[in-house]
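Okay, handing you the structure first.
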Amino acid sequence: MWFGLSGVRTPIILVNFKTYSEATGENALNLAEAAQRACLETGICVGVAPQFADIALISREVEIPVFAQHIDPIKPGSHTGHILPEAAKAAGAIGTLVNHSERRLKLADIDAIVTRAREVNLTTVVCSNNAAVSAAAATLEPDMIAVEPPELIGTGISVSKAKPEVVTSTIERVRKVNEQVVILCGAGITNGDDAAAALKLGTKGVLVASGIVKARNPYKVMLEFAEAMKKVQASRGQNV
Amino acid sequence: MWFGLSGVRTPIILVNFKTYSEATGENALNLAEAAQRACLETGICVGVAPQFADIALISREVEIPVFAQHIDPIKPGSHTGHILPEAAKAAGAIGTLVNHSERRLKLADIDAIVTRAREVNLTTVVCSNNAAVSAAAATLEPDMIAVEPPELIGTGISVSKAKPEVVTSTIERVRKVNEQVVILCGAGITNGDDAAAALKLGTKGVLVASGIVKARNPYKVMLEFAEAMKKVQASRGQNV
Amino acid sequence: MWFGLSGVRTPIILVNFKTYSEATGENALNLAEAAQRACLETGICVGVAPQFADIALISREVEIPVFAQHIDPIKPGSHTGHILPEAAKAAGAIGTLVNHSERRLKLADIDAIVTRAREVNLTTVVCSNNAAVSAAAATLEPDMIAVEPPELIGTGISVSKAKPEVVTSTIERVRKVNEQVVILCGAGITNGDDAAAALKLGTKGVLVASGIVKARNPYKVMLEFAEAMKKVQASRGQNV
Amino acid sequence: MWFGLSGVRTPIILVNFKTYSEATGENALNLAEAAQRACLETGICVGVAPQFADIALISREVEIPVFAQHIDPIKPGSHTGHILPEAAKAAGAIGTLVNHSERRLKLADIDAIVTRAREVNLTTVVCSNNAAVSAAAATLEPDMIAVEPPELIGTGISVSKAKPEVVTSTIERVRKVNEQVVILCGAGITNGDDAAAALKLGTKGVLVASGIVKARNPYKVMLEFAEAMKKVQASRGQNV
């Protein structure tokens, strides 16, 4: 199903489980399985970013990409209470979020994390709050950038429709310094229209949390997102 | 084997796996199984504190107490990249280290973590660097205090033999404000003598990392610790 | 006017200038001079805690006690961008706030700051958010504790009237571990009644910010606080 | 003497006072006056970055550029213990260091600080640890970048001679994303040769701390730096 991010030819839906009750322990496993069904049903890539403690069990049960929510810029050693990149990898993660708005990092640490992630073969999705920070992050050559205006996160007001200029200016500024990096957007994405709008603005997909995790029926919402994105893709007569 | 910390009548060996390679993923599981064997062999309580990503698999395989290395002072919600107490619990942890010298915390957060841990029924082991900080932590009524002079951590020079006055002054100052809290000590504990000395100074046991994890044969070292502690216990003709 | 905090026999009003425009640069100097007038007028001790950059000029112009808002737990050396206790002292501060709710600190750092402050003869006012944290801080033997429920800070709803039980339980828990420490309270103190209520609950005075700094006429408000506190003091026929 | 950084046509020596005793209080003022003499004597721009508490007095006494060592990404308001950009400005600073290796910052905060500094007309010198981070910082359009390999800071082994490739690769990567930003280098600069080498590698000057502050005769060392840099400038028959 999943063949490495450089090989992903479909749009991407990346579901951040945060520390929601609805996505902890047993619930996390159920949600990951629903994500896999949505992926198999539509052919759109759906990835999940559960809590650290849930990575191992989820990775054993599903084949869709599993991301950590954070890793620390450390090597094996004396770092009690930190997230060793190798440990995330060993548990089954294929990548990691970096610098999420709820876990902002020092610039030098983002650089070190991208380097360490590359060493252990983890895909990096560096989150950013605006176009300027996105471009700064892009110079560090992560695999993906996900721009999310913090003021819209969790609001249900989608960045792709309420602040499209944040997305387009991010794409423009990022492309000046990095032609390769995959660009996602997030914040307030709650329905198929929002997800489709994200693609139309030029991104490769969406980073989404409460819009799916807190939905009455997360599976249906993921399906709706995926179908809407598929239509955008189809209308182009080509892969995005 | 494990019957709640208030019920523990034997000395305690708590093994902090840190982010050592020797205690990550598959290695973590092997080490936890060795700890269980040492526990069964001697009747001394041996607990383990693996990385977050390893808690779930270890908890399924062993019955000795498994601790998280840290939890965050949060409730379920929007806290990407943080450690939800409920998630550590769901993965199988029965307790957590708090404020380890490699993960020092704000005072108000230690208070909030102890409160949250109590809510989800996780045993707290608050680490401290000296007698004054131990007493301050003890007023917050955690289950255990583990005093570790940071300058000895990882050195192989044991606190119980090189700085016994740190241990005794900790016990003295802690007892003035809290009669219940279980007191451990750590830093540089590498052999049975060090472990025995810790008990003789009046602690209930040891927090140990490299002395066991980095040993050529961790099982043998745990056995040595446990046997030495058992002798101290026996010489008292009573439980410590 | 000012004869060391152990020697202060009057109630205390400590004005935190935060980073308000009304208390920056030239405005900070004017406010400090108004505080001095209120102090001279009433005989109640009024101290000020301006921003670092304003300490030196204010200390030259007034004789009331000037506090830093924070110091770092460092010795002279390589600590770019940090607050050296000696530098605050050299600029004319006689004390410092520690662990304010807007600048929460690690437990081990509070301990180290109290120790360093003592070395350079700076009076410490450790801020706390509740009774448990106040008691923990008190074991570290600072000169003063200032309890401020964060949810009331800046609201104009005074702790002394809306949450008197926070103040009384703080006094009770603190006194179990420390009989000497001076106890202040803060959060939402805006008029003479609030200030008087703080004394009646058993504190030595108040830590106040917006209630004075943001007032149309800060001098008048300080006068009102001081007069109200003086009455409480007088009604006791003795010094508080 | 000082006519804005865009107008500086001479090489730059920026002296970071850190929290050294030799550069605190009275000593800070003496050192700033020595810097001014070196500047007047040679015509090379010498700036100083004293501690916050010393900015005001120094700014009154000298006319050379005075920098803060850090500012926070805040607006006037409730930020006890933080550095308000307006306060640094009011005290007389014309600019600020940002993200020094001893005060590393979050990426989003560096962006916010550069923006805030521009609003209050403070010149920004963003410090970085390598070429990649320098380029990332440069996309945020600060006034200057100062690259300093942390492992050389304070060693007396100069970056310009021991790791010239760090400097040249920084210039190369920065110029790809930003043609305007002034580039300095630092770490281990202790004599005229080191300073001259920095210019020859293509930088505009040096950021230096212990090499000058800890010297037996700081004035003589500043003079030596300035003379050596002047020669490089002269040999080009033009301004750098």
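Letters A, B, C and D name the chains as they come in the text, with residue numbers starting at 1 for each one.
One rule holds in what follows: a contact is a pair of C-beta atoms (placed from the backbone, for glycine too) under 8 Å apart; a residue touches a chain by one contact, two chains touch by 3 or more.
It should be emphasised that the depicted structure is a prediction, and the values quoted were computed from it without experimental measurement.
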{"item": "Between chain B and chain C, the fewest steps along chains that touch one another", "value": "1"}
{"item": "Same or different contact residues where chain D meets its copy chain A, judged by the half mark", "value": "same"}
{"item": "Length of the line joining the C-alpha centres of chain B and chain D, rounded to whole Å", "value": "46"}
{"item": "Chain centre separation (chain A, chain D; CA means) in Å", "value": "38"}
{"item": "Distance from the mean Cα position of chain B to that of chain A, given in whole angstrom", "value": "36"}
{"item": "For chain A, residues that touch 2 or more chains besides their own", "value": "none"}
{"item": "Pairs of chains satisfying the touch condition", "value": "A-B, A-D, B-C, C-D"}
{"item": "Of all residues in chain A, those that touch chain B in their complex", "value": "16, 18-21, 24-26, 49, 51-57, 69-70, 74, 76-84, 86-88, 90-91, 97, 100-103, 153-154, 209-210"}
{"item": "Residues on chain D engaged by chain A in the complex (per definition of touch)", "value": "99, 104-111, 128-130, 132-133, 135-137, 139-141, 173, 176-177"}
